[in-house]
Each structure stands twice: as C-alpha cells, then as structure tokens.
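Below are two complexes that have subunit A in common, paired first with subunit B and then with subunit C.
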Partner chain A sequence: MSATLLPEQRASARSAADRAAALGAVLRAALILIVCFVVLFPVYWMVLNAIQPGEFSLTWPPALIPRGLEWSNFARLFEDKPIVEWLLMSTYVAAIVVVVTLIVVVPAAYALSRLRWRGRNLLGLFLLFTQIMPGAMIVAPELTLFRAFGWTDNLTMLALLHAAFVVPLCTWILKASFDAVPGEIVEAALVDGCNHWQTLFSVVLPLTRPGLVAVSVVAFFFSWNEYLFSSALITRSGLYTGSLGLATLITQLDTPLFVLMAAGVTFSVLPILFYLAIQRHILRGLTAGAVKG
Partner chain B sequence: MSSAATVASAAGPGRRFRWNASGSSAYWLILPLLALEAVFLVYAIVTGMAASVEGPAGGFDLSNFSQMLVDPDFWRIMGRTLVFTVLVDIIILVAGLGVALLMNWQFRGRAAVRGLLTIPWAIPEVPVAITFIFMIDPTFGVFNLLARMLPGVTQNPQWTLNPTLAMAIVIIVTVWKGFPFYSLVLLSALQAVPEELYEAAKLDGASAGRQFLHVTLPGIRPSIALLAVLAFIYSMQQFTLIWLITGGGPVDATMTLAPAIYMQAFRFYNFNYASAMAVVGLIFAAMATVAFIAVQRRLTSETP
Partner chain C sequence: MTTKPRSCSASPANSISLMKPTRRQLLAGATAIGGGVLASTLTGGRSFAAGRKTLKVMSWEQFQPGEKDGWNAVFDKFNQSQSEYEVEWTGWPAGQYISNVVIQAQAGGIDADVLMAMPDLAAQVIRKFKLAEPLDPIVSDLGITPSGGHDFLREDGKLYGLSAIDVNFALVYNKALFAEAGVEPATDQDGWVDTTAKLTNRPDQFGIALTNNISDGGEWWFQLQNFCLPYDGKWAEGKTPLANSPETVKGLELWKRLYEAGVPQGTAQSAIMKLTADGRVAQAFGVNPTVVVLRATNPEIYPDLLSAPPPWPSKRSLDRIHPLMALKSSKHVDGAMEFIKFTMQPDIMAALMEKNLYVIPPYDLAAKSESFKNFLADKPWVSGFQEAKQVSPIDVMGDFAYVDDQFGRIVMQNFQRAMQPGGSVKDAMDAAQKQLEALSAKL
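Moving on, here comes the complex of A and B:
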C-alpha cells in the first residue's frame, strides 16, 4: 500500500508503461490486503473476543478494534473448564493415531509402490472407496461394534478407529513419495544384499522425510479435528477430547462468550503453529501428484 | 485435510521401477493395514448394508427402501444435498482459483501471505463453528453490520431462522474452512504451466485476459476437474459444521444427507432406515469414485 504515497513528480517522470506497472502493483497490493482481510477476519474475531474484556463483546454495534486487553479471560477458562484435560485427551488420541498410522502405512505404501503382486489394483480401489465414503453413514454400525466389544468410552479404541479412517489417504500420500525415489538406488541396495526391510529403513525412508512429515501431520490434524465419531463413541465427560469439550460449551448457555472464544483459540493454536511450521513440506508432500495433472 | 491423498494419487502409478519380488512378502507388508481396516471399517460398512435390508420383524426385507423412495422428506433431503454440494463445489473452486492466482504473483512476503491465507485449513471444525455462531448472533454478531449495509435492511436478520440465510451461512463456512486446500493444489498446477507458453502468447500480442483463457485455464483444467469431483465428495460428507451451526434447521432447511442419517439413527433410533439412507449415500460415493477414476484415466492418457 505504501506505493500509493509515491511522490507525484517521480511517477510522472516515468514512462507511461512504468506508470501502468506501478498502478498495477498498487492494485495488486490492495487486492492482496483485501483478500487477506476477508479470509483472516473470522480468525481475528475469535482472537479479539477471546482477549478483550467480556462486556465489550456484547455490544451493538460491535467494535472492530479491541477496546482493551483482558488476559485473565484465559485464566477464567483454565479455572472454570477442564480444558487442560481435554487437550491432554486430544493429544493422547492424536499421538496414538500418528504412531499407528505410520506403523501401518509405511510397509503398505512400500508394497504398493515397489512390489508387483496380485490384488494390488484391488487394494488401491478399496483405499479410494473408503476415502470417499461419507462418515455419517457408518456411525451407527460403529457404535454397535464398539458396544458389542465394550470399546465405548475407550480413547485407545477411538484412536484406532481414527487411524482406520486416515490410513487410506496416508497410504496414497506416502506411496507418491516412495514412487519418487529413483529405482536405481533401491535396486543397488537390494543387489548389495539388503532385504526389503533393510532397504525400506536404511534407503527409502531417509529419502522420503517430507512424505513422512505430511502423513504424520494429516493423521494428527484428522484426529485433533474429528467430532462425529468421538461424540457417538465417547460419552463420559471425563474422557472428552477438545472437540467434544468445546462442542458441549456451545450448548451450555451459562458459558461466558469470552471463555468460548478463549477455548477456541487455545484448541486451535497447536494445529496452526504446526501448520505454519511445516507449511512448505505440506505443499510439496501433498500436491506432488497434482502438479503433473 | 483429507482431500490431499486422492490428488496425490492422480500422479499415477510410479512405473519407473519394476522387479519381480516374490508376491508373498507384499502380503505380509499390507497385513497390518488389512487387519485395521477390516475390524474398524469394513465390518461397519458390511453390517450397515445388512441392516438396510432388514425389516422390522427381522429377515431380508426391502421395506426400508420402498418406504424411503416414497417419502417426500427423503427427496427433499436429496434436493438440499444437491443444492449444498453444487453451490459449495462451484464457490470453493472459484474462491480457490482466485486465491491461487493471487498467491502465484511475484511479490515480497509471498510465502508469508501463502501461510496466512491457508490458515483456515488448520483450524479444527468445532472452533470454526463456535466463531461463526457468534458472528451470526442476531443481537451482537458482526455479520449484521454487513447485512445492514444492504439497502432496505434495517433490522438484524435472524440468520439461523431464515431458511435461505441458514443455507447461505453453512455454505460460506464450509467454503471458508475448505478453500485453502483447493488453492494450494491449484497453485502447484499454476506453477507447472510452462513459462514458454506465456511468452509465446505475449509475442502473439495476447492480452492478460486472453492469456488466462487460452494458456492458464487449459493448463490447469485437469486439476480443476479432479478438484471438482473431490469437492463434491467432501461437501456431501459435511456433518460437523452443519450440525453445530444450524443443527439441520430451521425446520430441516439445511438438513443434508449426512446430518439426516445421523438424525434418523440417533434421534429417532431408526437404525435400519438410517442404514438404507446410508446405502444411498454409498451409491453416490461409488458413482463419484467411478467419475474420479474416469477423470484420472483421461488425465493419464492425455499427459505424455
């Protein structure tokens, strides 16, 4: 935007083409700012109403800039609501999901990428199908299954279910990464007498770190975000994850607004920081295949 | 997040490397995956399908389906699902492409802007729902400021009591939460369009608009086609945002297939009827898979 303030004389001294380019740059900068404003406004609104004194949030018309800072909103949240427990439960479930997903996905992606075997295409089709199946479809049968085995109110079993949902797409992501490892390197390792496991761990995996990061993050995000199955399978409030706990706050009419917003901010901070830290990896790891299209 | 893998798979099988390993070791490698999926997914899918063809008295019975097909409510749900998915599909692709074009410009701070513009993707759905519920609050919500700018609007609208507004809100929130993924994929597609094509177009005197129509769009068309299928699938699955923001209301105005199945199963306890609706969802998902594979086939045959 600072380009708008350029001295008039300097601009007029330039050729017409330069002026048009400068105007284009200004318009672009303005457009970028407007789009950023629109996209980030809900995030800003959540943060604003989490950090300003509660009485300023409940006014009409709403003020667009903070009228004060009230960090004790977060103290209220941590005192009044078991947010720490919720975050711990979410972390526990997400950690299991990441570990189980990696254990399951690494050998499967290797088999899909590097080995020829009968049923390979069938497995690919199956993985695609599970991915596009609407989750709401199978909530009731899952509940029946969990009840039959006494797995309801069991976070470890919920984590395994999350893993089952996220494994198909993680297999695809990692398979694409494995595909990108040059065949000669793998061949050389096998000629040198490595078996498949040694080849996988000492040659293929070190070369596919972005893929492994992407898979872990996808698994973590899925679990951290998941609400539908958690709400059906976890009923004891002592076991609530962040998603479940926050959702109950919506229906508790006595929850002050700033506590709601502070809870939203607290629950979102970890995935946002995570995302920004590995943003480049994600872009590379996730869209590697799409580039070719 | 979940859309990434299918797009990644569009790269096609990496046939760069072949060797005939003994088949059996492959089966050991996929055994953990098969075990996990069998217990936690396949079993539920199969029992769900079995429940859909079970009558009130038990035994094989197609009455759930015959009841469903003559139920005007069911067709209203399908109509709403169609409206929701098609609108989300179009808007998310247009928004995704617009932001991708913007992120593709060369400017200082581009990486930071790219990170900022894709943040909604990283925020979990429940906090997103909480924020938007407050933003559309009829008394204090900031959306009212926007609405009041329109001519003739002198009162704060009742966002969740008006069927059209409620549908508009769930579409807006779904697009806002989901578009960054589409932007990222389209951005990488944009960057893969060969620079020579633009230079050739410039030499021919093509304007920026014509370059977009004749170079950019054809270059990213395959990605757009794939993303359109994905957007359809994922918006059909949307449950959490709709459920928390409108609960399917007012009077079912935002009750698409996913929340409707949940409602049948967990509010009315019609497990068998819910399963029959779920099978219809499954059939649509299968049709989408076929469309997806057809698109993918055409892509692999088009790209050298």
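Moving on, here comes the complex of A and C:
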C-alpha cells in the first residue's frame, strides 16, 4: 500500500523538518558558544586584567568590558624582569627541540609505516609505553644522569631531553601521516629505482608536509610550556626559560596579580603567532590517516 | 588516480608545497637570536673575581620582592669582607622550593653549599637525608644562645641550623577600619567571629583575610595548619594522625565560621592580599612578613597596621623558623660555615632584620644590638607577634612533619567539602583521618 500525501501534509512535514533543522542549528550554535566561552573566558580574563586599571578587576560585579587602559603592568614586567631574555631562551630551546624531533621522527615514522621488519609493532607499542610514565617519577633519575654527565644548567641538553619526551608521540603522529600516502606511490618510486631514503625525501615527505607541521607544533608547544624538568635541571637564573621565569613572579604572600597576567599575555604571544602562521596545516596533519579510503 | 614519480631526483609534490620560506626564516632567525643570547649569557654570566671560590646559597628569598634587597646586602658585605669566596644565589620561588630541593636530595645531593629551608624541609634534610653539618662551632664562636624554637633543628645534641628568618602567626589588623566599626581585636574564639561579622560589608569590605582556595594549596595549608591550636589540639602525635580529634574539629569549625562571616570566598590568595593592601579587608591571620608585603603593595596603609595575639586563651600559634644550614656535600664546607657565621653576627643580622622588617630574631639580638633594640621599640605593630606563644610545626605534626605537603593536601581536599553550606567538618575530617592513617603506613 502506498500513501500519497496531500500538498498541505507535505508542506506541514517540510515545515516540521525545517523547524527541527533550525532547532538543531540553534542548539549546535549554543553548544559551540558555550564551549568557546568556557575555553576562551580565562584567556579573555587574563588579557582584561593585564590591560585595565587594577581597581576595576577586584570589584563586584566584575568589569567584563575594559573600563580604561593601563599599560603599567607591562611596563613593570619589562622593567623588573628580563622577560625578553626568557622568551629568547624558550625560543632557542623550542627551536632545537623542533629540529631534533624532525630529524629523529622522520626516519622513525617511515620505518614504522613503510618497512616490514620483526618487532615493528612491539617497538611502536614500546614508544607509546614511554608516554605512560609520569614525569614526576623520573625527574630525580634524570637529574642524577644529567649531573653525572655535567649537563645541568645547559639549555642545549635540556632541549635534547625535551625532544626525547616528544619523539614517541610525534613518531605516531607522523606515522599516521605516512600511512595515508597511497602505497602505489611509494611502490612506484621503489620500482623506478629509488632506495628508501630517496623515496622518503623525494616522495613521501613532500606529500606529508601537514604532518611535519603538526609534529613541529607539538614539539614546539611541549618545549615552550615544559616546567618540571626545566626547573630541576636549570638553576642559574641567567638561563631561565619563559616558564621558569614566569614562576618567579609567584612568590610567598606577594604575587603581583596583574603583572602576572601581563606576563601570561606576553608569554602567549609568540606561540599564538607561531600557531597562526601554520594553523591551516595542523588539522590536516593531526587527522592524517584517521580515515583511510 | 595516483601520482607517479618520474625519477628519484624528482620532487612530485612541488605543486602542493605548503610551507612558506618566511616561516623557516622565522625559526632560523629565532634560533640564531636565541643562540646569540645564550652564548652571551654563557660567556658573560660568570663574572666572579679571579681566584675566588663560588659559594652557592640555595633559597627562595632572591625572588621575594620585599626581602631580596636585604639579603643581597648581606651577600655584598660578605663578598667584600674576605677574598676567598664569592657568594651567589641558586634556588626556586617558594611555591616550588621544597619539591625541587627534595628532588635534588633524592638524586644524590643538593647542588649548593648553604641551604635555607622551610621548617619541614629542614627536618627532612637533617633527619631523613642527613645532609647537614653541625653548626655548634658557630654558636660557641659567636657566644649566642639560639632561641627555643631551634629545638627541632637538634639531633643527638648537635644543632644543624640557625634561624635566618623566623615568622610566627598573629592577627594583623587595620586600626582605621576597626575604629570605623567601633570594635577592638578579639581575645576569644566567639568574639573573633562576632568582630569579623561586624567588620564585613560585602562586597566592598571583608572582615578577615583567610586563604581559602585549593589552587593556593601551599599558602592555605601554611595558614590552616594553625587551626588545630585554638582548642589546644594537634594534627598528629608521632605516627598517629589526629585530624578528627574533637579539638582539631572545633578549630576547623571556627575557621568555617570565620569563612562564612567575612572572608572573600573563592578568591585567590594574591587577590586577597591586594584587597587587604587596598584597605578593603580589616584583619588577616598571618605572619609578620604580611606587614612587609602590605607596606610594599601600598605604603599608605602601613601606619594603620597593628597586630594582636591569636584570639584564643592559649595565644599559641605556629612559629616557623627557616634556618640556614651548611651542607655536608659541599666542596666548601668551611666557606659555608664562614658565611653562616658572618650572617649571624649581631650587626649583620640586625641590619638584615631592620631592612626586611623581620621581628623575631634567631637569638637575643636586642641584648647584643642597640640598633635592633631601637628598631623594635619603633614598631608598634610587632606587639601581637611578640605576645603569641610559639609552637613549632614539628610539635603539632608529629612524624608527619616529613610529609607535611601530603598531609596538608589530604586535609584541604576533604575540608573543602565541609565549606559548602551545611557541610560537616566532622564528616570531612573523619574521611581525612582514614586517608592520613593510610599515609602513616608509608612513614
């Protein structure tokens, strides 16, 4: 039996479907707004308190829109603390981490993705296992090791340690990216006489640049924000990275709240610029290989 | 459709090249600049006078805005007083200090010659890690008698630390706000709650500054630890926790009544201090450096600040001695001893205390320094701190003094539940007691 809808019924059904779609869109928009609010409000609050006069920040109800601009927090920060040096130290360490990570991760990911060898899966799992160990558990042994080799108070060695921590995760990210390259392309390169190094550098890498960018971002941000190992291994104030320097603003009984907010804003600027410069590649890189056709 | 490479030298994906050279330049430039700064730091950082040995003093004081200048002056005087050693800072801010020193000790030794320590850390360094050198020769050379609070720094009859900073708790209050409300500082527990309520006019004015946010965990425990004392309780006796004893529960119920009567609830400790400095909080239960911080934040409030002893009959409050210790693992133990002896000299110590507004001396300094005696006489706000009866944290924490941080975290996490309206302090402390008993098994 087939039912034929009258024009009024069809219009009514269409109208109900439209209403449901509209409601869905409203709910989706509301959810996006709520999530954005939860994520962005602390950042907004930090910026607001950094730039508006302090007396408006400790009122009730709080001022949610700037009631004036005051740059004294930034002035005090740059006068009292060597923040530019801290940021340059962080940049130096993070840059080494990115370079070293890429050098190590590219062949490692290729070996896991494209080569067939005994123990491949086991090594892949072992790499993940290293990520399970909490940093607090290994900080004392790391310090013992660094002392034995005379590597404490050495930013380059700190960068190598950061790279060691980030390599396993980045290897898996890049492996997923390499997995997404069609096998036929790789096989064609090999058939044409390329060895694996040539295939990797001439064929696979140019096709997986989003993955490389994603790995760079992960390595950069890890190093930029890392505090636990930096504080254990760097004790000379002249070698402080940004995260160590910022912590010096949090003192006993006397934390300059709004200067700390200004420091937070300043510390965030470089990663944000870095992120803006490469953000269009990140999603592609992180999701590469998630769906295989 | 697939892309087939024509030769190994080909770069088939040029058309999908996504990276811009400017980004590379940015990274390369940042690396070069960072390298330059690092190189200049490494080459320019070591400006010690030729031939001098470096003495490292590990502390958090170099980060304390109101106190670092006083300590830097001591360092300068020491460096000028002799030609063998050059003393320099190492360490971390107070919030991360204990954990980092413990990590160092666990890794085989502390990278310093002289260690300044919080009381619980000092106890660990002396008794658990056994890294301290006896300081009795300094005491006899200078002919001083360390204050009674030094007892926890003794082991087998030897003294392993001398107080560099001694802080105790009392009621710091703003006399102008008290006068406006027509009240006097309380002398008993119930009076304290009443006074606090009268001084409160939310959201413009608050009766009392009490740290109450778990994100300020260390600072909160620092203050909350005192609240076993209003009814003569203890947190632990030996390895037995006493978190749910009637005395401790009553003390925490007092804290909760104050919290409800006049605390800026849910506010970060740094914001509470700012409100106090702005004259919007009438009293604070804090240590004497609270006055230093308030003066540094708002000099205009300083003349209005006075202190009163803890408002309970025993007037007992925690006295936190932060000793200087010479480390056994130091390559320059003699230098470390020399520095501590230099710092403890009456004229040097008096100048430090006057500069930093420290009011509890490590020994009877007023008898040895006229200048310090005059300094104390000129400070009307010290009387409450002097009237407080001092108790060491080690006395109220038993064997848990070695795991003070963990103990505090367990108490605060459970006590948070009691802060809700209708929340039961007794129930919260019963839960804490069970966790603390489990912790005692690990001592």
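To be clear about the criterion, the second predicted complex is superposed on the first by the 227 of 293 C-alpha atoms of A that agree within 3 Å, B and C clash if a C-alpha of one lies under 4 Å from a C-alpha of the other, contacts with A are read in each partner's own complex, and residues count from 1 in each chain.
To be clear about the criterion, contacts are C-beta pairs under 8 Å (C-beta built on N, C-alpha and C of every residue); 3 or more make two chains touch, one makes a residue touch a chain.
Every value quoted in this text rests on a predicted model; they were computed, and no experiment measured them.
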| item | value |
| --- | --- |
| Subunit C versus subunit B on the shared subunit A, clash or fit after superposition | clash |
| Partner chain(s) touched by A:246 [first = subunit B, second = subunit C, both, neither] | first |
| First, second, both or neither for A:182, with subunit B first and subunit C second | both |
| Subunit B versus subunit C as contact partner of A:72, first or second or both or neither | neither |
| Subunit C versus subunit B, contacts on subunit A by residue | B |
| Which of subunit B and subunit C A:60 touches, first, second, both or neither | both |
| Partner chain in contact with A:100 - subunit B first, subunit C second, else both or neither | first |
| Partner chain(s) touched by A:140 [first = subunit B, second = subunit C, both, neither] | both |
| Touching partner for A:32 - first (subunit B), second (subunit C), both, neither | first |
| Set of subunit A residues, in rising order, touched by both subunit B and subunit C | 58-60, 139-141, 144, 182, 232, 247, 250, 257, 260 |
| Complex contact set, residues of subunit C against subunit A | 2-14, 16-19, 23, 26-27, 30-31, 33-35, 37-38, 41, 45, 60, 62-66, 89-96, 100, 103-104, 106-108, 111, 202-203, 219, 268-271, 273-275, 278, 280, 286-287, 289-290, 293, 296-297 |
| Residues on subunit A engaged by subunit C in the complex (per definition of touch) | 54-55, 58-60, 85, 88-89, 91-93, 95-96, 98-99, 139-141, 143-144, 147, 152, 155, 182, 184-185, 188-189, 192-194, 198-199, 202-203, 206-207, 209-210, 213, 231-232, 235-239, 247-248, 250-257, 260, 277-278, 281 |
| Contact footprint of subunit B on subunit A as seen in their complex | 28-29, 31-32, 35-36, 39-40, 42-43, 45-46, 49, 57-62, 64, 100, 103-105, 107-108, 110-118, 120, 123-126, 128-142, 144-145, 160-161, 163-173, 175-176, 178-180, 182-183, 186-187, 190, 196, 214, 218, 221-222, 224-225, 227-228, 232, 242-243, 246-247, 249-250, 257, 260-261, 263-265, 267-268, 271-272, 274-276, 279-280, 282-283, 286-293 |
| Of subunit B, residues touching subunit A in the complex | 1-2, 4-14, 16-21, 23, 25-30, 32-33, 36-37, 39-41, 43-45, 47-48, 51, 98-99, 102, 105, 107, 111, 113-135, 139-142, 144-145, 176, 184-185, 187-189, 191-192, 222-223, 226, 233, 236-237, 239-240, 243-244, 257-259, 261-262, 265-266, 271, 274-275, 278-279, 281-282, 285-286, 288-289, 292-293, 299, 303 |
